[in-house]
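Both complexes below contain subunit A, partnered by subunit B and then by subunit C.
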Partner chain A sequence: MSVEAPRILPGRVVRSPRGRVALRVERRPFVVGCLLVVLVVLLAIVGIATGDYPLSPREVVETLLGGGDPSSAFIVETLRLPRVVCALLVGGALGLAGAIFQSITRNPLGSPEIVGFTWGSAAGAVLVITVIGSSTGAAVSGGAVLGGVLSAVLVVGLAWRHGIQGYRLVLVGIGIGLVTRAFTEYLLTRARVEDAAQAAVWIAGSLNGRGWEQVRPLALALVVLVPLALTLGRTLRALELGDDAARALGARVDSGRLALIGVAVALTAVATAAAGPIAFVALAAPQVARRITRGSGPGLLPSLLMGALLLEASDCAAQRVWPAQQLPVGIVTGAIGGIYLAWLLASEWRGRRSG
Partner chain B sequence: MGLAIALAALALAVFLSLALGARSIPLADVIGDLFHPDGSQDATIVHELRLPRTLLGLGVGAALGLAGALMQALTRNPLADPGLLGVNAGAAAAVVIAVGLFGIGGLTGYVWFAFAGAGAAAVVVYLLAAAGRGGATPVRLALAGTAVTAALLAVTQAVTLLDREAFETWRFWWVGSLAGRDSETLAQVAPFLIAGALLALALARPLNALALGDDAGRALGAHVGRTRVLGGIAITLLCGAATAAAGPIAFIGLAIPHVARAIVGPDQRWVLAYSLVLAPLLLLVADVLGRLVVSPQELQVGVVTAFVGAPLFIALVRRRRIAQL
Partner chain C sequence: MTEADGGATPAEGGSDAPARLSGSGLRLAYDDRLVVDGLDVAIPDGSFTVVVGPNACGKSTLLRALSRMLKPRGGSVLLDGADIRSQPAKAVARRLGLLPQSPTAPDAITVADLVGRGRYPHQKLLRQWSPDDERAVSEALAATATTDLAERAVDELSGGQRQRVWLAMVLAQETPLLLLDEPTTFLDVAHQIEVLDLCADLRERHGRTLVAVLHDLNHACRYATHLIAMRDGRIVAEGDPSEIVDAALVERVFGLACRVVPDPETGTPLVVPAARRSRVG
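Presenting the complex of A and B:
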């Protein structure tokens, strides 16, 4: 990372009439954000339009606006729209959670799936699938949320020592993640092969067959969590300056960090409950967003949009590249993650050589 | 003296491993069955099932302990462990690819893939962690290892989800288990384990010099680059062979060198010697525990070591001195 010349804070300040709420808007992140929204919408239309029964983009838009013939309405509203909406919401939630975690741990690799929370969710869900034998969406989702929150409480509790330090959180999380993973794999060996195969697809992270019943609770949760995360963004920005500076700026360091972790864990848990532990979206989205916007702070909103874009693109690829296999989207994001790691490696090395 | 006690404990663990299980055999009978097989059912169990399993546990445990000690010495990093840093996962992913995509059966075939995977993963993780300013701190190394493990896991999942048969074998092998390995498995990996162990032990002296830092090590006459490369080869041999035989097992390589250092101090010659004895002890005890806890079924040894090792790992992390190294 290069050190930029000091300058006066960029961007314009938007104020509410009495000046109670003031928001600084930087130009480049704003433009990038608008572009990302346009891209997400375009990609969503492509995602709805293509498939075994291709529709023209025009038909898709007409149907979405309430027109169109009944058959295309069925295809769009019952089959494809929930899946696309699910991908966007899950991707957005993961991108946001990743941005918060990377900022708190101050490390580009410190995302919820690396820090072990997603394995907690996986353990909960696999326990429901294999031991209780229930494969209904609600029970599995409940298991995932419960497992994720429990493991997060465990990690934060064990990492707590005069407040939370990023590195301790990461390392304790990795330790707990290994245990929950071993537990999950043990459950897989105990289960019947049908249950184990089903659980394995779930662990990979899949959007196959997602309907409105998954989208509704997810959307409700996000309506609460996303604004909460964005308002906490200010604290996050202060925390990036270091604990002492943040305290001097009036931020509550420990409680603020705890609240942020809580929101990020909740985001991860609801996203995992809906689609399984999808790898690398939370890892890659904030980094890509940060490089494109060239923003200075955590960049929560661009990360959210980038996460939605990444996951929807991955899901399109998963469905179209091997239509016969119904490959889980987590496999595609895993491959993207590999490329991302290589890129991170290359760019860090370049950065080192140039100074 | 300490080493003698450790060896005695290891011998006891060997006997327990021969005696205990779904069908427990009295210790006195074990010795009789071992040296004078009389064709009874107990003798068959000891010879055909438990002896190969115990010997494999000795070999795999020693390999993981030595590899962990080597990694911690080479990276001067208290959190280095072949499981944590993705080396075992690299070997495992390469094995799954060899079996699933190329249809290579038999351990002599895929053990080479395991070496390639272990070596490649070790290099990538180290480069990822060491890149950028600040070098390879414990946190960066652990994060890079976990991230690479996650990517490798996705590869493994892709292969196994497409192939139901690979999935069937994978789900038992991936956990890390000594169950159901015959004496042939042991014979096939033994040469690699022995070669790796000898190489590791030969490196003890230059590692002592390197412990003072690269410059001081060079001044003391150690070849820094050569030691690193040879150490990397030893780690690859040990982890690749151990993983090919028993699946990826975490935490042994992390915990044992710390225990060894607590007993004998920082001298690498003693640390390596103790790791060689203590690691198989831990692995065998974990394996026996796994057999007894949910008897007549079994808890795979990889699961037991995770549950035993994680508390130790977290205790290490909570100690300020180590985490700030």
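Presenting the complex of A and C:
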């Protein structure tokens, strides 16, 4: 393994002895990525340590490494760890899906909740809760995945014209999103009060009471989806140059983009199935990551880490700032994200006017 | 003068080997609109071939078919003797490069990063940067005189600089064949000449075969070693511009009355449109 500096491009090239593996790593995104990992770990420890029965960070680390007394082991492993892991996985999946969608649509607003897939998932889950009357986690999650995938098929099908164009995807997606949202609200008005209340909590997006039964299927899905997304990242970089240039470089434009959309939809669907439609993480994480890394590419890994960090931070805030209320985390991300979105639009608009 | 009826043999170069890039029986259409019907063309190896013709004559459509951006309804494009659409996309991209008409640079991308992306067809998932990539990128920057811009953001550059950078990206692809779709559109005249000089250099010094669609007939006559004049989806004439361009051809292709005089700088044909008075008369 050797590290050398290319003369023209920034960064370092990490090369295996016979040159079979050679990856170029840019310095700033690398440093930012490492910092994000450290912050995520620290925040996770804080998340596990605090609560009605506080633990010291040392106790948390000891327990995680297999030591500690039985009571703290119960608190960490059964009560708090699954919630924290769930937040990290959901946030990471949403950040990654958002980065893919924003790159494909060439639009900072082209994230899954704006393009309507999240509302498709919500419609599916609410349908299960209110009409079928089932409130078991597996049934609701299944409904969410199915709803998300169906709405994605509908959006891509309607937006398809000689391949997929970003702005058509966004516009058709907004339309389908409004329809599925209206359908969801119709279901709520027809539902029994108890079902409607339960559905409303689900729609806000919450990590309350998330256990290993939510984490396990999510983790399994991500083990497949994340490497797939990172592999397709090269196609995404080529697609950024426009369809003609990408095709001329030998990238598979239509099938590549379809595969990327499929992966991003799957990421959104499994995340939504685990925690409900959590707002704004997919929208904000890639934008924040891009500004911090100052990278030009889609920045998939930084977006994933940033998503995990944002959601875990929001969940800590939701639990600690108003401990009595058990605030759904989706409300916190929605509030933070709304402010961020307003700032983003205002600054971009101003930049464009002055530029 | 070579009238385009056979079209299967290169018009120049003296080689009997078939051209590396050719099309036969091409039927090209957008949706229901047939633009080209039954066209044969061969790009002479080592030439700077320029395609000219009036708007909507099918010249850009032909270039899109030759660069596999457009799937022909009939006929086929042959690259090194095999149908271009049956060959692996990356294998084609290592031999045939294209500068599209309006490529888009991602926000905030630097010149070096953009040019580096031209190496895509030479890279693998786990081998993303090799000494060859390094050399190709620095040569492409040097050939287009953009080495000093390497660290700059592409969106800060002037139109002429940006076009040179995009050319550098296509050069970094290191393909023996280079297709350029209206590379001088939107550039002022000095930058147009700069880009065309660069193209001529690429052919003369680096031995590349170039095909470009150009609007300016006089630029085409000066720089092309092989001119293809199209009208209504057919090739009206092709060959060395000095041999084929005369007033009759310009009238036939563009419907423009003109005189053709020798270019005082190069001796190539210079098309001077007739004054309004004489056209009316």
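Observations
Everything that follows uses one rule, which is that the second predicted complex is superposed on the first by the 335 of 355 C-alpha atoms of A that agree within 3 Å, B and C clash if a C-alpha of one lies under 4 Å from a C-alpha of the other, contacts with A are read in each partner's own complex, and residues count from 1 in each chain.
Quick note on the criterion: contacts are C-beta pairs under 8 Å (C-beta built on N, C-alpha and C of every residue); 3 or more make two chains touch, one makes a residue touch a chain.
Quick caveat, the model's predicted, so the values are computed rather than measured.
Once the two complexes are overlaid on the shared chain, A:T189 sits against subunit B while remaining clear of subunit C.
In the superposed model, A:A200 lies in contact with subunit B only, and not with subunit C.
Once the two complexes are laid over each other on the shared chain, residue contacts for A:L171 go to subunit B alone; subunit C is not touched. Judged by the touch definition given at the top, the superposed model places A:L344 against subunit B, while subunit C stays out of reach. In the overlay built on the shared chain, the residue A:I114 is in contact with subunit B alone; subunit C does not reach it.
Comparing subunit C and subunit B on the residues of subunit A they touch gives the larger count to B.
Applying the stated contact rule after C-alpha superposition, one finds that A:G330 touches subunit B and leaves subunit C untouched. In the superposition on chain A, contact of A:V38 is made with neither subunit B nor subunit C. Subunit B meets subunit A in the complex at residues 79, 83-84, 124, 127-128, 131-133, 138-140, 142-144, 146-148, 150-151, 153-155, 157-158, 160-162, 164, 167-168, 171-172, 174-175, 250-251, 297, 299-300, 302-303, 306-307, 310, 313-314, 317-318, 323. Residues 67-69, 88-94, 96-98, 100-110, 112-114, 116-118, 120-121, 123, 125-130, 134, 137-138, 141, 150, 169-170, 173 of subunit C are the ones touching subunit A in the complex. Considering their complex, residues 6-10, 13, 19-24, 106, 231, 234, 237-238, 240-242, 244-245, 247-252, 294, 296-297 of subunit A touch subunit C. Chain contact summary for the complex, subunit A toward subunit B: residues 107, 109-110, 113-114, 158-159, 161, 167-168, 170-172, 174-179, 181-183, 185-186, 188-190, 193, 196-197, 200-201, 203-204, 279-280, 283, 325, 327-328, 330-331, 333-335, 337-338, 341, 344-345, 348-349, 351-352.
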